[in-house]
Amino acid sequence: MMTMTEKMREQVKELFVNNEIKLFIGFEKGFTKFSRIPAFAENYDEAKKMIIDEFETPFLAKYLIRELEEVAAGIVEKSERVAILTRGCDYLGIRRLIVDNIILRENIVIVGIPCDGLIDVKKANKLLGEEAREITIDEENVIAKGKTENKIISKAEVVLDRCRQCIMCEPKESDIMLAEKTANVKKNKDYSKIEEIEKMSAKERYEFWSRQFERCIRCFACRDACTACNCRKCIFDITEPEMLEKTVATSEQFMFHFIRAFHVAGRCSACGECERVCPVDIPLGLLNGKLRKDIEFLFNVEEAGIPSEIEPLGEFKLDDPDEW
Amino acid sequence: MKKIGVFVCWCGLNISSTVDVGKASEELKNYPGVFYADDYKYLCSDPGQELIKKTIIDNKLEGIVVAACSPNMHESTFRAAAEAAGLNPYRVEITNIREQTSWVHSNKEDATIKAIQLIKATVEKVKKSEDLFPQQIPLTKKVLVIGGGISGMTVALEVAEAGYPVILVEKEPQIGGNMAKLSETFPTLDCASCILTPKTAEVGRHSNITLMTNSEVVESSGYFGNFTVKIKRKPTFVDWEKCIGCMLCQEKCPKKTNSDFEHGMGKRKAISVAFPQAIPYRPIINEKECIYFKTGKCKMCVKVCPVDCIEFEQLENIVEENIGAIVVASGYELLPKEKLSEYGQGKYADVIDGMQFERIASASGPTEGVIRRPSDGKIPQSIVFIQCAGSRDNQKDRPYCSKICCMYTAKHAMLYKHQVHDGTATVFYMDIRAGGKGYEEFVQRAIEDDHVLYLRGRVARVYEEDGKLVVLGVDTLSSEQVRIEADLVVLATAVIPSEKAKVLGQTLKVGTDAYGFFNEAHPKLRPVESMTKGVFLAGCAQAPRDIPETVSQATGAAAKVITMFSKNHLVSDPQVAKVNEKICVGCLQCEPICPYKAIEPETIEVRIGHTVEKRQVATINKGLCQGCGACSVACRSGAMNLSGFSNEQILEELKALCL
Amino acid sequence: MSVKFKPNIICFACNWCSYTGADMAGTSRMKYPATIKIIRVPCSGRVNPTFIMKAYQKGADGVLIAGCHPGDCHYNSGNYFAKRRFLLATRFMNYIGIDAKRLRMEWISAAEGVKFARVMAEFSETISELGPNWRAREEV
Amino acid sequence: MKYSYFPGCTLHTQTKNFNDSIKSTSAILDIELEELKDWQCCGAVYPLTTDSAMGLVSPYRSLQKAHECGNNLVTVCSACYNVLKRTNLTVANDGEIRTKLSNYMDVDEYAGESKVLHLLEAMRENNGFGIIKEKTINPLKGLKVAPYYGCLLLRPSKELKFDDPENPTIFEEFIKSIGAVAVDFPNRIECCGAYVSITSQRKVKGASESILKSASNREADIIITSCPLCYHNLAKEQERLEKDDYTFKPIPILYFTQLLALALGLEVESCGFESNKIDARPILKSKGLIYRGDA
Amino acid sequence: MSTKTKTEIASMIKRIELISGESLFKCYQCGKCTAGCVMADEMDISPYKVIRMLQLGLVEKALKSESMWICAACFACRERCPKEVDLAKIMEALRVIQIREGKPLIEPDQVDDKVIEEMPQQGIVSGFRKYN
């Protein structure tokens, strides 16, 4: 049987040979053994280096803005298309961009990958007790090779936290699917951490978030990584009106995180990329998750993470709850 | 830094007794940006206004704050004064230190502190104010009236009389609508055609009215003052220009068919005019029934026509019209009997609805006004009227009251009793809603003088047994079950909007409620306007109502149109939304929020360096926007803003108040 | 050292109902604490949740949003959108540690001068009990 | 088509002729009915209270079992149909009750995935009436049959979706397919008085009598039903009418499958006419539909 | 005269609403239920009136009535009710309240042997489910 990587190469070759795409976006090996970084191929040869495996990867959807914005705006030929490797979470990001009229669906070739959740190398290392030299992954297990001993760990134990809360295991629709298998990771809406915070007293909550926010260096990586943050000019970069002042103060951090979270309220698709890119590990997912949770609860939305044409805050029902 | 003037009003003792106005103006003098500050006894008086004007001119002020009474009182006064002094009126802001300060607080110290803070905040707001200019919008002084019933005709006549051209579009071949089908009208029992015919005739000959019957509006674009509509003119297969209305064709046509106008109670020819007083009095061929259309033979009408006006090959055509305002008067229909399975689902010939009863009671109807039952033409000896047939019924998705049934049922029962003196008429009702001039008296007359039996209760079932209709009802006042054997049952079926109302709503971008009735702009204060500016509502298109109410509402709608047309161009309030195209990403999340559909996507071209970039942004139709600002909150980047209440202004005001 | 805490409360009032309701309270000479300062907005739907956060940051102890009763909005739907936003915002602010009691939303019609005065008095009392807000407030 | 079959208590005891005719006719019509193993009483009435799930236990068990067999469930008794179908809907829509029931009975959760069908519905689904027409050897020409629906087949219509509750047609279709004439009598949808007769037959007099009179007014030769309780109440009322009202001519009441059996050409003896309270054979004979087997 | 206090009555009403899952206050007494009820003739209080009594707080009077025992739960009322009130459920609630208070309509030994013998099993089961 062909591996997904092989199948991808075959498909990409065909796409380039038939002149169907100008660019293919996928992953290649990064600087360390288990890291994966985005890769861009303008022809088949360049695509040969790309791989698909189950190590943690960055989010690709946002690169589509750079590649396709001009096409969507009609500056460049409409026919130009970009193919992109797409997991369920990427798909939601792509949908977000389409719904927001940033890019056009017809310019994208969705190359779908079913996904059971990606592997957190840090967790594997921890279980092994040292930095793994080699990690192999099969259907159910992860085998981490250490200096002297190997450890077989069940996949479920080392899957990334964000993948545990996955709301879409494979793209809902795709142009090419690289594997038939539907993912078997169960949808697991887990708001338990948020509920824990909710149970704290106001003071505790404030102190908790102060501790988190004080670390923030306002690098805006969370914003840059997010597909829901697709404004032409971010409100934080605008000086008139000055929503966010430049002072380094707790209050400004609160302001920043409040605005950021609210700007993705009803738009966040729970991909977890903001949390992944945060250099100081602020649990942004707990902010976005709270909003999703409340939207689902208050407005009777089944899954707030799935982009819809009209956002939850862009509509209302006459029987919305009355209690504050 | 702008030069700002501050005027603090004493309002006699109204303000000055609780707020230390002198202290306030003193303190404001030293506030950054304030070039001039003073207090005065009555700013709204002529000398007060003169003071303001003079100060603006003398000091070349770039903005002023008037701390006085509520802006609802004198904002326009002070803005006008500023304008007279050459200052853009939107650079004037009012601080409310009377209604919201001096009158509601008793501690002078607190009130003064608050007043000062409020004034400072307003100064901050004015610093961010901009010149705003009302926009002039051109206006086509021509109105489109959709629907040729009593409401549409009323609007058309009123507007035409005022001297403006009217296009009246009616989907049927003739005007008159539902009212033309009525026998007599409550509460006076005067004959409907007697009062309607003069109106239809006037509409037919009025030089300002262009009548387009057998036509429908299929497309609409533009905005208030400047709509472009496309009207589909369905083929009549008769050249109406040539036709002289001799009706020989109708006489000789060999094909009889059911008449829509008679609601199944009577017949018509395949080529015919619906009724003798129809306007225009011109025949139309029913394509589905005509023998020629079916078999290619016959052409009897062609043979007899003296002016050679039959045109079998006529096609529909679309005409385009530029108009300034639209009045929707698309009327109503009755809930089909087929929806009422407990009352026979339309399978019993002698269970009829109110409109069918009107036809058999009408002097010009199929029975020439003799009330005969449809099945065998017998005069019914026992007749049962069932009110709320489908109305006030959640099961039938019509929880509303149809409003007219109580009255017309009383009328029906009366008409019946006037004809068949020894017959029995029974009415099942739930509540009698006879709120109107002479209405209650009318119902009482039916009960007292004509001995119509009113039973309070709903009917559970109607079925046929031994050639009689059995009505199973109840009289809840005596709590007795009632079983009546009737010859004829009349259902007062629910009033529902015209079948095509929803589609028409979408075409005109006017919202309808869950049932298809058009939504008014405000339930109390703007009942004849729709949410879309320049589109007005009249008659049952908006909600069920009777003739007097329809006529008053139609007259109101006409007045609205005439008011609009009385100006040479329209002026829009400049305090509306605006888009910063540099920032707008074109995601259009603002679009669904706008209640006026004033936001639309637009492709703009921007030059950046050497390249011209095209991209989609949101644009505001300043004619439609009413300035609520809901869109500005939906905009994450702040590209959408509201003039007069901009993000900058509110934030500055807020900061100053928080200190 | 027993200076009574005087809270600083910002009230966003929609021009058509609540602002006019506030005028009504004034015309009827009803009394309420001077702790409340009104910002006039065209519609409660104009109020951006960010404004509230900004208010806390700049020193407000409580924020009140007053709009037309559901179904009475001058712009038909603005208050419904506002309701959604603030249902969410209140919970979210509470979640990051700012007491939900400090934010209140009320439907006050132009005729409800009495209600306006009562709500202002009540809310002022609530905030006085809660004491000054230091959370997410800028250090001066 | 293969279905699980739920006969219900009465069909297994008092009205064996109903059950037998179902089995013999469905075999001819290629409707494979596999009787559910260890079925138990459906409870006869669907519980109308919200605060007790006990009444749902028994029907839930049957439904769950049918689902395990992988088939849709067919039942014929109107009461069983009403209870099973409504229970099926309840467990499909109400997760809380579902969990409660499964925990209580310690079985896998069943969320109403299978369908509950009345035999008539099963027929309607697969062009059964067309097939019946084809396979009818002995069309019951000239026989005026009054279809009595009763309440439990039709109502609540929003849940059962069996037919139009005021103007049902499925029995009429059936009657047409066996070559007989359907008598349209208005009271076919009214209640016979149901279980109230357990306290006193007198109390259901009014209800039952009007049904019978309504059918007799329309000169029905035979009344058909699918509910043993309706059958009982109507038969008891006929007994009384016969005694009190000498003008009243009793009308034989049959289960609809008995007529079906006859039409499909089964032996008269196997149609179970002998167990009916009023013998239908004389009238059938007078219409020339049977030639022997009269008692 | 009622022997119950206002709060007791209110709690009984609430209980009826809870057991039946129906709102009593939706009913506007159009009488359609009664108009089509085949058993109404036998009842001492008409079906629509039973609800009216409950709306008025006359719970005891309603419970004393025989109507609920006459109701055959044929759902004709529910089928036709314009306000979508399930009267059969309210009747059931009244029965259930009586039964739970130990006041069933019949005890097994009160039923005539002949009835048991003649009645179909389905009838007997439903009779006892409703009345005991």
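Per-chain numbering from 1; labels A, B, C, D and E assigned in written order.
Note that contacts are C-beta pairs under 8 Å (C-beta built on N, C-alpha and C of every residue); 3 or more make two chains touch, one makes a residue touch a chain.
What you see is a predicted model, and the numbers here were worked out from it, not measured in a lab.
Listed by label, the chains touching chain C and chain E alike are B. Among the remaining chains, those touching chain A and also chain E are B. Centroid distances from chain D, each centroid being the mean of CA atoms, peak for C.
Counting C-beta pairs in contact across B-D and across A-B shows that the higher total falls to A-B.
Here the spacing of chain B and chain C, counted between their Cα centres, is 35 Å. Averaged C-alpha coordinates give centres for chain B and chain E that are 47 Å from one another. Centroid to centroid, with C-alpha atoms defining each point, chain D and chain E lie 26 Å apart.
In chain E, the residues that reach two or more other chains under the touch definition are 41, 76. Listed for chain D are residues 165-166, each touching two or more other chains. Multi-chain contact residues of chain C (touching two or more other chains) are listed as 49, 54, 77, 81, 85. Shown are all chain pairs that touch, namely A-B, A-C, B-C, B-D, B-E, D-E. Residues of chain A that touch chain B in their complex: 70, 72-75, 100-102, 230-235, 238, 240-241, 243, 263, 310-311, 313-315.
Those residues of chain E that touch chain B in the shared complex are 28-37, 40-41, 46, 48-49, 76, 80-84. Touching chain C in their complex are the following residues of chain A: 194, 197-198, 202-210, 243, 247, 249-252, 254-255, 257-259, 261-262, 265, 287, 290-291, 294-295, 298-299, 312-313, 316, 318, 320-321, 324. The part of chain B that touches chain D in the complex is made up of residues 341-342, 344-345, 347, 461, 463-466, 470. The touching residues of chain B, counted against chain A in their complex, run 582-589, 592-593, 601, 603, 611, 613-616, 634, 636-639, 647-648, 651-652.
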